[in-house]
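Each of the two complexes below includes chain A, the first together with chain B, the second together with chain C.
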Partner chain A sequence: MSNEALSFTSPGAIALEAIGLSKRFGSFKALDDVSLKVPAGEFHALLGENGAGKSTLVKCLMGFHRADEGAVLLDGREVSVRNPREAQGLGLGMVYQHFTLVPSLTAAENLVIARRDAPAVIDWAAERRRIEAFLDRTPFRVPLDRRVGALSAGERQKLEILKLLYLDQRFMILDEPTSVLTPAEADEILGHLKAMTERGEITVLMITHKFREVQAFADAVTVLRRGRVVGGGRGLSTREMATMMVGEAAATAGASGKAALPERRAMPASVGEPALELAGLFAEDDDGRPALRGVSLKVAAGEIVGIAGVSGNGQGALVETCCGQRPLSSGQMFVNGRDFLPTRRAFDAAGLFVVPEEPLKNAAVAGMSVADNIVFRRFEKPPLSRRGWWLDRRAIRAAGRELMTRFRVASPSPDTPIGALSGGNVQRAVLARELSAEPIAVLIVANPCFGLDFASAAEIRARIVAARNAGAAVLLISEDLDEVLDLSDTVAVISHGQIAYKAPIAEVDRGTIGIHFAGGSEGEQGAPLG
Partner chain B sequence: MTDTGVITVLIALLAGAIRVSTPFLFVSLGECLTEKSGRVNLGLEGTLVLGAMVAFAISYHSGSPWLGVAAAAGAGFLMGALHGAICRLPRVNDIAIGIAMMSFGTGLALFLGKPYIQPSAPRLPSLPLGDWLDMPALAQMLDVSPLFLVGLALAFLLDWVFRNTRAGLIVRVTGDDAAAARALGIGVDRVRLFATALGGASAGVGGAFLSLYYPGSWNEGLSSGQGLMAVALVIFARWQPRRCLLASLFFGAASALGPALQSVGITAGYYFLNAAPYVLTLLIMAGSGSARRAAQYAPGELSINR
Partner chain C sequence: MEKGAVSGVEPGTGLTELLPQGGDRLRRAAEFVAVPAFALLVAAALFSAVLLGMGQSPLAFFELLWRGAFGSAFSWQNTLQRAAPLILTALCVALPARAGLMVIGGEGAFVVGGLAAAIAPLPFLGLAPAPVLLALMAAAGMLAGALWIGLVGVLRHRRGVNETISSLLLTYIAVAVLSFLVEGPLRDPATPNKPSTHPIGADVMLAPIPGTSVHWGLVAGIVACVLAHLLISRTSTGFAIRIAGGNPRTALGQGLPVGKLIVLCCLLAGGAAGLAGFFDVATVHGAANVSLVAGYGFTGILVSFLARHNALAIPPVAILFGGIGAAGGLIQRRLGLPDATVALLEGVIFVTLLTSETLYGRFALFQPRAARPRP
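For the complex of A and B:
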């Protein structure tokens, strides 16, 4: 029986250096000449917005992707990592955003089976002694005999880290390790890791969104934006990091497709009731923790209110409650001054339309045809059906074909299952359904251009602005700050399930937004605004 | 009812439980192994019937009932391997294949087994555990099949394997999280193929018990759905081999209720009492199958879970 688990006592944080890594996915450059140096025993933070290339970078390091160009050095030696197993063999380990433990096995069983040399017959008494001796050398405590499924998120995260230590992986990549933890749990875990780096036992590279954790634990920072290193170093202030993260307005205006947007009609001077009003929305996530904590917002007809924010701050729950996928624990929605409950009939009566994120999952039936999906909102009404129950297949196909042409949905035929289309075409098909009705009173759109190429994104944004010009009240929820800034009349930032900031577009500057992005009051600039 | 009457009924229940539970035990242990690896094999009913027929035929021709048992295990292994191999193909649903395998196994047994309905074959011996009693009638009831003891040992062995061996952990990882299993370098399909094949072998032995011990002959209505009930029993047992044993005994006792009462002269509701195990299946499925508590123990990869 080998002592793989025991060699941990040997000192040995690993140094890592990446030189000029580039990675393309089709025409999209996910990494552009990224260099990164993490000396042994350093706690290094990797910052960036969604889609900045952080995940691509660590996936290249771990061997999930092969970089098109560039080299990776471990302790000064060039290595080629072809798959995660090889990375493991070199001492590179990663804690993923999702847990990789097996839920029905106990903590001890998870540790033993993760070892490549697990014995055929396990002598649990000896194995226990060895694991406990190993645990004594680490600061982490987890119950060994409980099923992992019954552990708390914090305990599971500790166990993920313990597994890396147990497998002797002394360069640790942590992908947003605290997103599922309470602040106290996060501080405990990061504090222990920090101490271990200081003792020279491990090196840590942590992807995070939280400036507070960077300030408290990281020795050095690298900031990525649009696949490039835009800054980094030691002892940066929150404001400096935020500015690097969200970029300079001038530097991005050309690249974000502003030119493609249609002329915006002036907003009508707001008269009377707002078209959409959210009053104190509270909701819980799937685990029963608060996801929305009193979201209140008004959107006038002909106005786009854009909600920006770091993902996981309640955006998903907000869209889901608005379209009836998630129950409200309290609060009310009003459309045109009337109480709104998200039922099919109410959507129809109020003229409220929703384009949720991941439309294939949230707004389409993958196995049904494109035409069927396009007519979901009105298939039971004439002319698509007679007397409300007899569907006219021919009319449905014709309606589908007509909208497919108008919204440029590229599909072999209206009868193709929508699940067979590309992401952009599914998005266009759902937009065709939600934007083709007249009149649109309220439009709720979430991440409409996520994962789409430049041209499709520009076209879809133009359609959203067109709907606004036609008088719709638009609530845009997006993780792409540039998109929010380009489209919105009013910008809001959501943080920890609350609207942390709201201002007309003319008064918005990126620095302030960046601060509220990263947890509002935790930044340098005072209390959150209304 | 007199005191001796009560004792007679209790002993008859115990004897019946041991006798009737054996096929339940083998099938449910087999299914437990298969489901732990992340697949459902509903075809074990067919495997049970085929095992019964093969065991009877081999015993008839060779004169050795134990050779019959081995042949039944082999036939069950092949049936399980066939299920496992078909389920490896993309876009194949294990439950649908299971139902097909159920019909296939039963049909094959009836087709091949026609000539064996009349003759009698050498039966498995029994261990007279009741000899210390001075009541011959009761002693006869406590004749225990060695296969029951094998099943008993198998339940504990399987439990031990799941906890204490790499193979057992690998089966559990595969059944709980195929992605994690692949990340550990485990060949998910291969593990499931073996788990299904071995599960089939166990069910085949259960069939051998039916035709070679109790009731001890081969005919078409031999199983009357016991294979299916055993599958349900695994859910009741929360996928734990030792609970499979308890559940099998419980089902066996329920099946023995009617005959036991009849033996002391109570015949009222005889047919109703004979239906007890079926009613029990329904109640158990309604009670434990839908509850979240049971689902929490279910292997995460089972297609009924997703």
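For the complex of A and C:
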């Protein structure tokens, strides 16, 4: 029984083929007829923007989701993977973006408890000998007796991979395995994996955003966009891959891209002084690691500055610091030339409004009514409160009802708890609150259309443009590059907590954005840029 | 019982058509009554099993419980007398709960409130009229309780100290301080058997409500609940508290002073429990001694949970628990069951109650109509 875990010596990379996979979530088509062929012993890279369907695809392969249509073949045999356990049994393993090790156990203990057949009483001496024998056959070196919590990110990632090898999983799916690693660590780990594929021991399917790694290690590439395979093959240049990722038509559109934008975005008569200025913002994430490393940015009245980037590069922290949900470790924020601190009075005085992402989590109270949620910005003011402290509940309901109509919030009544509404309606209610005031000097919007259907998204984007046309300085933070390019007057890319690139929309080149998008300065080194 | 009720009503008929507008609010209110009532029934069933195991008749037990709690004018007075401090200590849980804090240290605030109320008038005995001294005592009790739980709020806000743990541990400190003072510096030498502070004197003590043996703490508690309800649901400060308690991230994003709101709730909560301590001294003991440590603060936690931290629901629930306590003696005498039996019943109720939290939102009958797909 324990031999099963050690049968890694047997040769046998696994070949995988996906045929016509489709997957819908409600009205949203996450995967649309996706086919993918990874021969045994290949190092295959899966590229795509956020939301392109990469994660959905591998989750279907691993049995987290069931594809609505299509088939998966392993070594030419059709298999049905109903859950991750079955995937494990078939030799499919995955390294997730987040570590799955137990931090309080040692590396050796983590390996043993990962076994499906781990005995109730463990003979540690014997296990230890087996693990050491196993490690002798792999190129990875990890200190076995140190607690995982004390290991470096690189060592932990090696241990995640070792775990898959130890469990004899010879088709390895890696979801952005190097995002937490230094380039040197990444090269070491990917180099070892590459050598193992070349020896025919394993097959690798790697999700990544880093062209440099693709160029250095991948044999072949598949590019997804909007749930479809848009290209792939061998020996593609960085520019070709970037173009596939961000969209062929738009990338070549260049100057004509502006003409394709909605007519409503006529430029205002004059672009004014910076209404919003971020000066060297630094902030830490919840674990005390740097999340923002000196973000400086100016947004003029009547201008939309769109910040694109791969998720997790500081977008969340940027919005949080601007609206007071996360403290700044240093830096300053100015609104209309005056120092801005996120207090209730200052929000009001400055006319600053924020629509954060995931409104139910960040900008609403699920248990309070829709009407209550809609008046969060002004409940203590007349006419909603008499003399500033006694709520006029009738007026609050009336205000809620009026804005629900204006912003087409579909809710049974103003008294319904907002948590009972659909995501799109929660988003509308929050927009009703933040966009209905006059005048809006500064508007900060994050992923406003995430998870919404096409019509809702179009409506919400139109409202953002309308706010800009009325003179608001809009900072749009979005993981949807098309949204940024459609709406922005100025485009910026955030990478590793810094603004890596900034250009007026007319001068924006999608290829360049894609490269900054996909690896910042690191990408630049390996990219043949003009 | 719930299941039957649900299947008995066709979705989209009956209630819905009768109440096209206010139906959702009524439905939610009905849920807040039905779920705790169901939990109480389950608790009664579980406790019956325990009684059967002990060879006792559940029917006889609950009959005695009823008689001891609500069966006569005498038992009603006993019940109300016990309910009074529970109302105020329950507020000590309910107010911070609305701000998102789980404070369980009402016992400590009750003790320090009673202690402060007993000490404050001592220098002025005989120098000022009784009403003035009583006002001083009440103020001292509320202030001491407010500071005691206020400290919990400050620790939470400034240092991120878990308020549940800190308030619980502060309770032990409060009891230790009480013991130290009544057995040491403040001990009245005339109390050899039960160390106490100097008595405030019978002429200062607060007389019961005329014609009853129930003290004024009951009235104060009900008034406090009404005020707390108005604060939370009708004032802008209460609105801000609900935002902060419902989602602190949202509150911060709206520029609300979350820390101040937390500390405010804790001050008011402690003040309520301290006021209960004052009434215990001013109406029952006449001095501070270990009798203050009677568990009112802990039973108040149960009351607040059963009332779902809703101030207006606290008085009736407190009367229910006061009744259970009042019947304890009768049950002990008639059935020969140990004193702890009613505590066991309270514990079973608490567990079923906490478990019943998972039932909210599960029954279609109580959900807003449009939350389900329309044809």
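Criterion: the second predicted complex is superposed on the first by the 480 of 530 C-alpha atoms of A that agree within 3 Å, B and C clash if a C-alpha of one lies under 4 Å from a C-alpha of the other, contacts with A are read in each partner's own complex, and residues count from 1 in each chain.
Everything below uses one rule, namely that contacts are C-beta pairs under 8 Å (C-beta built on N, C-alpha and C of every residue); 3 or more make two chains touch, one makes a residue touch a chain.
Owing to the predicted nature of the structure, the values given are computational and were not obtained by experimental measurement.
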Side-by-side fit of chain B and chain C on chain A, or clash: clash
Which superposed partner A:G235 touches (first chain B, second chain C, both, neither): neither
Chain B versus chain C as contact partner of A:V365, first or second or both or neither: second
Which of chain B and chain C A:E380 touches, first, second, both or neither: second
Contacts of A:G76 with chain B and chain C, given as first, second, both or neither: neither
Partner chain in contact with A:D415 - chain B first, chain C second, else both or neither: second
First, second, both or neither for A:T100, with chain B first and chain C second: first
Partner chain(s) touched by A:V112 [first = chain B, second = chain C, both, neither]: first
Residues of chain A touched, compared between chain B and chain C (which is higher): C
First (chain B), second (chain C), both or neither touched by A:A120: first
Which superposed partner A:P84 touches (first chain B, second chain C, both, neither): first
For the chain A and chain B complex, residues of the former touching the latter: 84-85, 100-105, 109, 112-114, 116, 118-122, 124, 149
List of chain B residues in touch with chain A within their complex: 163-167, 169-170, 172-173, 175-177, 180-181, 183-185, 296-297, 299-300
Residues of chain A touching chain C in the complex: 323-325, 342-347, 354, 356, 361-368, 372, 376-377, 379-380, 385, 388-391, 393, 410-413, 415-417, 420
Chain A contact footprint on chain C (complex, rising order): 21, 24-25, 233-240, 242-243, 246-247, 249-250, 252-257, 367-371
